[in-house]
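Labels A, B, C, D, E and F are assigned to the chains in the order they are written; within every chain, residues are numbered from 1.
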Amino acid sequence: MSNKQFSHLDSQGRARMVDVTDKSETRRQAVAGARLRMQPATLAMIRDNAHPKGDVLATARIAGIQAAKKTWDLIPLCHPLMLTGVKVEIEPEGDDCLVITALCKLKGVTGVEMEALTAASVAALTLYDMCKAVDRGMVIEQVCLLEKQGGRSGHFVRDAPGSDDD
Amino acid sequence: MSNKQFSHLDSQGRARMVDVTDKSETRRQAVAGARLRMQPATLAMIRDNAHPKGDVLATARIAGIQAAKKTWDLIPLCHPLMLTGVKVEIEPEGDDCLVITALCKLKGVTGVEMEALTAASVAALTLYDMCKAVDRGMVIEQVCLLEKQGGRSGHFVRDAPGSDDD
Amino acid sequence: MSNKQFSHLDSQGRARMVDVTDKSETRRQAVAGARLRMQPATLAMIRDNAHPKGDVLATARIAGIQAAKKTWDLIPLCHPLMLTGVKVEIEPEGDDCLVITALCKLKGVTGVEMEALTAASVAALTLYDMCKAVDRGMVIEQVCLLEKQGGRSGHFVRDAPGSDDD
Amino acid sequence: MSNKQFSHLDSQGRARMVDVTDKSETRRQAVAGARLRMQPATLAMIRDNAHPKGDVLATARIAGIQAAKKTWDLIPLCHPLMLTGVKVEIEPEGDDCLVITALCKLKGVTGVEMEALTAASVAALTLYDMCKAVDRGMVIEQVCLLEKQGGRSGHFVRDAPGSDDD
Amino acid sequence: MSNKQFSHLDSQGRARMVDVTDKSETRRQAVAGARLRMQPATLAMIRDNAHPKGDVLATARIAGIQAAKKTWDLIPLCHPLMLTGVKVEIEPEGDDCLVITALCKLKGVTGVEMEALTAASVAALTLYDMCKAVDRGMVIEQVCLLEKQGGRSGHFVRDAPGSDDD
Amino acid sequence: MSNKQFSHLDSQGRARMVDVTDKSETRRQAVAGARLRMQPATLAMIRDNAHPKGDVLATARIAGIQAAKKTWDLIPLCHPLMLTGVKVEIEPEGDDCLVITALCKLKGVTGVEMEALTAASVAALTLYDMCKAVDRGMVIEQVCLLEKQGGRSGHFVRDAPGSDDD
């Protein structure tokens, strides 16, 4: 790691938006994940609601998609970009956890991992918001990059996603 | 928990912004936390940068404060509110972790835990963004409410914050 | 109407944000409506989707609620305000129409009719967006104020709402 | 219509932002319209103001242009895009109606009809806002797509625009 | 000045949003100014346009008003607040200058000088944008606070506004 | 200058977003400057803070970068665009002035001078905000374009930047 650097800082440690003017467009995508750990009774309520007409999961999906589009505004040194596809999935895992997976796609000059991570985080926060009246002790865990394609850094796949904090 | 409900859904499971028109103003505050787990070499680089003039931690603090102010725009059913104080602190823990703590304050009719959680999450995402060129495997862990005061639900303090995932 | 004026213009016709500094807070609410006229086959598809798990109506409700919170940013001379309750309802009418009703509430110094109208409009636009792949000829009709309470102008109820364009 | 689908939903009815990563750029434009129906006395006041220096129409034009640029933020599943031209025109029709026409242009991978519809809607809402102190019964009517060019769906022109509700 | 401090930094120099939770509401207002210096021919064009129907000045007024409402989003440590009145005036001065004056009002716990300064700055930038095709050498000068009332710091009036750089 | 026109107005003086649909992409950049004049004691405090860990300059840099990305939202007739690089530098000059320099880059169809000017202005406003508790008489001066490259108008360099108000 000796020759690596924080690309978002100049040689004097000052923040800047990295110059990508001369990079060429490629097809890019990233997948990020998050987990919301809760009491089993809370997950049971979400499941009950989820079936017929409840808006809990739909609201969180929408919030995640919209947050992906605002990543450039939330993360100060992110480049503005025009996402060409976003998908947020939320699935229960065991009896006390919701797993959020966010996929972002782009034909452009910068990667979209921050967009996928932001989508997953905000979807998790939205689920928290909708359930906090019944369970204040929920925890968002394991927000991380699962997979990334396109760009110079090549194909990244996280080893055994989620395994290291269970 | 039998008589609890998801306050953000009406009796048919449809999303709404809860009516707080007739609640009276009280002094409220909430503290939320998050952790960013990284390689020891990454934390060492941040420490080196943090001393003289580096902008890594300052950028994340600013991003967290700004995100707190935008919570109503990010989380669909959150009420707009006028925060009267926000503070984001970032401290290293051990040799591979940054601990983010966000405090939000308000004199108003709704709690500010979502604002504190959003500030902590976005500060963590910003740190991730600034360090991802050197460490793609970082994980945001343990985003949760640590303390909450004001409002009908009384004083909440999380037991042994952070203890359960270490 | 001889002594009425456009309050948003000064004596020389220039736009300004009306000074409400010295008005006192009162409880206010407004209800606005909109209709989305479409082909019967389109409405049939929405109904089919609406039952088990489809997100069409939920997405439009969320979009309407979020737009209400952004009214001050969309309508140049609107005052910023802190809505204390928002509800958006969408119901089919006959075989070719969705009726959107938006309710906004506030304890404050300005009315919330623009917020309710904006919520209804954006919910209708969102429904249009989600259905346009199957029906490009949809029309948004009858966006209007249905009821308004609070403030000096008293209680307003629209006569026979919706009757005049059917 | 049997083989048509709601493109914004996946096979299980869940909202997503449609993947357009592999579509090729083309020149696109869309024209949308809206009508604001009011009392003749209100229109007379606008006409009086419009001539020398009044800001009513200018404010609405600006609001429409700015809203077009924010469509991706208002309509949850819209793609972010970079409009290359926007024009909003407002003309009186008869003695009780303002007709708003919005044109949006783009070289890109997605259509711009939602941008044109949003511009027309927000311009109409802004006119409503500026005139509501003198006329609370105004109605926004006939928000619809008038013309669309570019993209796979070909050239669309609405038949006799506005004819069906007059 | 020996006992003064940067209120936006904590004792270790870290940015924070100052805690105003316990301050009491008062009536506040601030007036800020800016000047846009240009070639006389440019000002002549604006004057010609300003008379009958031109949108140059109206667009700048609107932009200034809207920017005042977004100050909390632009200036990282500003508190969100609900302006109760905004007015932007633009007048020619001599043959080569436009003078922008912005007034902001609030009943609240924080001052509104940043809002007035932001309104004046963005109105000046908007004028620059609209005129830059004919005059690229324009300069925005003398952006400063002219007057401030309300709050603990008392009544401030700038001495001979604009005198010191002419 | 006889054949020049305000490009942002149509033939009747009405605001529009100029149509750039058919312009071809080129590499563009612009540099803008601003000065914040203050009391020598204020600058001394900033210098003291700037060395070890203070966030004053970092906060202003971040605010400038973020404002550049929002220029399309602040300046009504600006085109949305995707900046590919932004840098904001702040240096003291003499004993009573901070000089802000903002560089914006883009591969696109429109110039980025408004983005650079907006970044410089908002960085200056942010510095003002952080220092106003100790010095209310600060003045932002000399906000202007210093250099511009790319596009049909060729290479522009301001003569002796800043010379005329010193």
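We adopt the following convention: a contact is a pair of C-beta atoms (placed from the backbone, for glycine too) under 8 Å apart; a residue touches a chain by one contact, two chains touch by 3 or more.
Please read these numbers as outputs of a predicted model, since none were measured by experiment.
The chains in contact with chain C as well as with chain E are B, D. Of all the chains, the one whose CA centre sits at the greatest distance from that of chain C is F. C-beta contact counts were set side by side for A-F and A-C; A-F has more.
With each centre defined as the average position of its C-alpha atoms, the distance from chain D to chain F rounds to 32 Å.
Multi-chain contact residues, meaning those touching two or more other chains, occur in chain E at positions 14-15, 52-53, 55, 58-59, 61-63, 66, 70, 76-77, 81-82.
By the definition given earlier, chain contacts exist for A-B, A-C, A-D, A-F, B-C, B-E, B-F, C-D, C-E, D-E, D-F, E-F.
Of all residues in chain B, those touching chain F in their complex are 50-53, 55, 58-59, 61-63, 66. Note for the complex: chain E touches chain B at residues 10, 14-23, 72-73, 76-77, 79-82, 109. On the side of chain C, the complex with chain B involves touching residues 27, 29, 58, 61-62, 65-66, 69-70, 81-89, 105-107.
On the chain E side of its complex with chain F, the touching residues are 1, 4-9, 12-15, 34, 39, 41, 45, 49, 52-56, 58-59, 62-63, 66-67, 70, 74-78, 113-114, 117-118, 121-122, 124-126, 128-134, 136-145, 148, 153, 156, 158, 164-165.
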